[in-house]
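Which chain is which? They are A, B, C, D, E and F, in the order written, and residues in each are numbered from 1.
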Amino acid sequence: MKARPGGRAPDELRPVRITRRFTRHAEGSVLIECGDTRVLCTASVEESVPGFLRNTGRGWVTAEYGMLPRATHTRNRREAATGKQGGRTLEIQRLIGRALRAVVDLKALGERSVTIDCDVLQADGGTRTASITGAYVALVDAVEVLVRRGVLRDSPLHGQVAAVSVGIWAGQPVLDLDYAEDAEAETDMNVVMNNGGGFIEVQGTAEGHAFRRHELDELLNLAAIGIGQLQARQLEALGQG
Amino acid sequence: MKARPGGRAPDELRPVRITRRFTRHAEGSVLIECGDTRVLCTASVEESVPGFLRNTGRGWVTAEYGMLPRATHTRNRREAATGKQGGRTLEIQRLIGRALRAVVDLKALGERSVTIDCDVLQADGGTRTASITGAYVALVDAVEVLVRRGVLRDSPLHGQVAAVSVGIWAGQPVLDLDYAEDAEAETDMNVVMNNGGGFIEVQGTAEGHAFRRHELDELLNLAAIGIGQLQARQLEALGQG
Amino acid sequence: MKARPGGRAPDELRPVRITRRFTRHAEGSVLIECGDTRVLCTASVEESVPGFLRNTGRGWVTAEYGMLPRATHTRNRREAATGKQGGRTLEIQRLIGRALRAVVDLKALGERSVTIDCDVLQADGGTRTASITGAYVALVDAVEVLVRRGVLRDSPLHGQVAAVSVGIWAGQPVLDLDYAEDAEAETDMNVVMNNGGGFIEVQGTAEGHAFRRHELDELLNLAAIGIGQLQARQLEALGQG
Amino acid sequence: MKARPGGRAPDELRPVRITRRFTRHAEGSVLIECGDTRVLCTASVEESVPGFLRNTGRGWVTAEYGMLPRATHTRNRREAATGKQGGRTLEIQRLIGRALRAVVDLKALGERSVTIDCDVLQADGGTRTASITGAYVALVDAVEVLVRRGVLRDSPLHGQVAAVSVGIWAGQPVLDLDYAEDAEAETDMNVVMNNGGGFIEVQGTAEGHAFRRHELDELLNLAAIGIGQLQARQLEALGQG
Amino acid sequence: MKARPGGRAPDELRPVRITRRFTRHAEGSVLIECGDTRVLCTASVEESVPGFLRNTGRGWVTAEYGMLPRATHTRNRREAATGKQGGRTLEIQRLIGRALRAVVDLKALGERSVTIDCDVLQADGGTRTASITGAYVALVDAVEVLVRRGVLRDSPLHGQVAAVSVGIWAGQPVLDLDYAEDAEAETDMNVVMNNGGGFIEVQGTAEGHAFRRHELDELLNLAAIGIGQLQARQLEALGQG
Amino acid sequence: MKARPGGRAPDELRPVRITRRFTRHAEGSVLIECGDTRVLCTASVEESVPGFLRNTGRGWVTAEYGMLPRATHTRNRREAATGKQGGRTLEIQRLIGRALRAVVDLKALGERSVTIDCDVLQADGGTRTASITGAYVALVDAVEVLVRRGVLRDSPLHGQVAAVSVGIWAGQPVLDLDYAEDAEAETDMNVVMNNGGGFIEVQGTAEGHAFRRHELDELLNLAAIGIGQLQARQLEALGQG
């Protein structure tokens, strides 16, 4: 069995570091580092909702995703300069938004919005799953601000959410692929789970050859292990560990 | 156990109809009907490739997806008029493209492109999976044209691909959700498989509450049944049944 | 005198087929086929009007036009992907809208809109005139729905409208040019008339050499003949023939 | 019979003034004034052609049209700021381009382009027809520059083109409508003719009620009178009168 | 010391001509000519303000800048056609707006807007400073209209503003550079001043080598001389000289 | 004399921190912190140049500027999502590019580009001047990489550049305004200088009332002091202090 580039065991996460209050202005501001992947997640509260929710009493949680042009090995064109967000960007930010909404009681949030901006400062694989894991912590902080200010009586969060990537690399299922592994993987899967062990999102893609049912099963097992550890890290960072 | 709106069994597909040569000009032109969902899939061959493939000797297969403004219950704004394709559209057309490329030997295709346009004339749930199933047939037809014209010696297709949606509706796993079911489903999953029983893409999303592992397993079983039947229909339509 | 490609007499229309209720959701949905040209015309009613009509008590009828990318011999770029509608598209949809409004009492329609989407599934010349002829039938159906629902007491339509192309091909005036004829025509004219024999729109363009007054006269005579027959087909399709 | 706002006879043009060399840099630069309508037409020669003409040996003549934001009674949004040219603008510039190309031998022009920019400084009806009439003079000047420079041996122009609007106002056919008349007209027609009395473009639109054949005939007669006079003015301005 | 292209003294302005009421519809319409640079400045009053000023009782003065495609030696692409205003355009129109607002009491203007459109008909250097100088006169005229109509009791203008460019050309500081001088200048500075001798804007850029403090001082002296003369011309044009 | 919010002397900079190699992939990557303003400046080398420089043997240095949506007190819309960069963004990135090019011999750089991305992670006034100061250090690092790799023999940099803001706040000239000061300042000036004491760019704007010549002089004196200190910090960071 081929050794992983960083020498990790197949079921081993990269080192995770979660830094709260990374910037000053946002209600929640979290820098999450998973190995060399670094994403700044800020949560902004606004006392308004998108048109389709006006006068419904319900709130909204959404996400935007961006990558600094030189977060990657070669420079990518700045999306603001090209005039539109690419399909990959839109796909990722829709995923992050859905993942977060899965643990929020939008009625309890009231007619206000929380926007989570996930900006990748440095990319080394797994930016979308790191974004979800970091965004959850930023969301908790933003909601705490609302509770402290007396805007909300209780937190409208009814669960905890984290995400990780798994894949088949060099013929074996591995957890938390870095960029080098991801580029060679035959199958790549992003998994989002809550703290009850339920699946919120499963997105698997065969890159090389189609994957079999038993491979899928092993990948989901690995993901569950990784997400459990990530959720522990989230709680630690929040001082609830 | 609650009965499905159309009276179908949980593991029953909607009636499928595949009409080849629906329009005249395209190298492949297929109208696929899955119940009331109707998608026109045309395959266009062009003797050029995107910039990143120039002078590599490799070809490209890609897809574009669109929905006529009144394919749905209420009219949607025309994307050409709003000036951009929405995130959902981009996400779907990326999915269709990946699914098709999974069964094509791009080197054997040579430095040319096949673009599959999937335009939804009428929507009743499952438009992205119907698009994949129909697009495969259009792709076979387009490739046959290349073989007949002597451009290619053999077909560069090395597999067959089809897709279906499954979900948890009224507490039970069901196959091939129509719009009414989809709107009420707690979990929605799109599955793309090849004819060897391998998974090409699995995308599951919890709409209401997170889904459990055993639910995921049942959904994948249902998907495998449905996709087997859809692949039989594809072969029938192609006169290979 | 050179024979027309399809063997038609100079004053002979291509076979016309008008299929109502082609799709389910729209208030009016008509597939019109003029030879190999096929356009899907759907009429959508919305209980709102553009800004300039708000609080005037007047309604609006407008049109949008699109062509599926592979409706033609070679694939055209999808306008939604290029990010804007081309000049030809805008010109055509403005023409369709004006033609329809010429037979609608907008005050009687009340403060609501009918949008007619004309989407070309297959193109073989005359798509803009086929769109007008089909759109009228879809508009009648949509208005009937409003009457049946009790929203309107009477139809706000005060006339019938149809359109046809005429041109000078191989030196002779001919009716209803197909794509091959159109590409070779020296003069091309689109004519829109009502059922009282009045002109709503006349658009003639010299492609090769300028046309003389007597040629214009002959073309208008041909157009009147063709439009009379098209209006008979509209009435037949509507069960009023 | 109601008198026209400016006291003109029904077949009377507004005063026309054509000023050549209005600006310095362009190969042709003409200010045309038709009553209070003032359009600056500049012709720019470029030694390149659009992609579809490359290596064909053929040249291109095209037009762009714009209106200064406050050329009209109330300020219009600047198209550069809104991010796109409206349908009316595109329609007009396509018309101007076609009209000019009708008198140019593109093969004799050689593989180069002439772009005519028609910018309306002040609008009082008839801006598109004034643009065509002025653009022709600018084109002659630009072509002369090419001949003087020895780039071309002879002028590739094989005819003269001018345009005018006619319409039915207060029940009577009138020539060259100003803004006030145009706003009240029942029918509005733009006519483009060459100096051989041939029609290059006829675009008639019923605004109020449909127009009858005899009305169309009278309008075309008026247009022929007006265009004859405009062509005389063009020749005068060019010193060929 | 090298002589300037036009034979001007280092501290000599080009001939200035200010023509009021150049077009009919705008509340203020001024053609300013500084040598061969010609800019049409129109001021349009609208009884509304941008969103951020609604219900504040304060008004707004803003500017838009454009250049006709062939105002320059070679044709530039029309910004309306490219779909966006370039960085240079936005920078210039922001500068013009700031310069004008520096002499307006926005509270006294009341909740209405004045938009100054500065459209360059012919460019020969110094278009942004000519725009400011001309725009001031157009603004005075527009405000006078409001006073004459009784909308405002007094003019909300509390100062006069004009602008000029200065630069180091051929080693010497010169006033009011034309295009040929500007293209060769080592340093280019735009200066906006009010009639009290105060600076409203100073923008200096080293093109070739960095400029020294004493050079900056000389440039500002030259600018003060030029602006004094331009302000005299403004008053003359306004009949207050 | 009123005390500054942070208790600084009028001629005192905020604490400056320059961290090199802040991210891994870019040839130069610098985090600059000026008080609470934090900008990440990455320099990316590409072996190509914009079209206007192709085959000239000359290189290019350019900059792009962005602000994370929640770098500020309230969230700004993401420019990638609005579909264009605003005027302020374009103005700033043009300024940064000009400032850097002033110290680069583009011929010595050879036909390649260096793009400096300045992304504001947290904003507290002076983001554009901090960007220039940080970008210079990133540029030095990128150029060093080219020298180390043997691509260039010597550094094409012939000077050092830094920038600072100065302004008149509470009636007194002050150095390096933070956001709170900037919002209240009557005059705001950005100054860019090289290490020879020459001015590269001077941009002063009167916000409240026009500034006098002696005020301008005092501001430039302050700027020279600040920039001298910033250049010392740059050298220290580069290990050349």
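Here, a residue touches a chain if its C-beta (ideal position, glycine included) is under 8 Å from a C-beta of that chain, and two chains touch if they have at least 3 such contacts.
Please read all numbers here as calculations on a predicted model, not as lab measurements.
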item: Shared interface partners, meaning chains that touch chain D and chain F; value: E
item: Of all other chains, the one whose Cα centre sits farthest from chain B; value: E
item: Option reproducing the contacts of A-B, where over half of them reappear, out of D-E, C-D or B-C; value: C-D
item: Chain A-chain F separation of Cα centroids, rounded to whole Å; value: 33
item: Whole-Å gap separating chain C and chain F, where each centre is the average of the chain's CA atoms; value: 59
item: Rounded Å distance between chain A and chain C, as computed from the means of their C-alpha atoms; value: 51
item: Chain C residues counted as touching two or more neighbouring chains; value: 83-84
item: Order in which chains appear around the ring, chain E first, chain F after it; value: E, F, A, B, C, D
item: For the chain D and chain E complex, residues of the former touching the latter; value: 23-26, 29, 36, 38, 40, 42, 44, 46, 64, 66, 68-75, 78-81, 83-85, 89, 115, 117, 119, 121-122
item: Chain C partner contacts - residues on chain D that touch it in the complex; value: 84, 86-88, 90-91, 93-94, 98, 102, 159, 189, 193-194, 196-206, 209-213, 216, 220
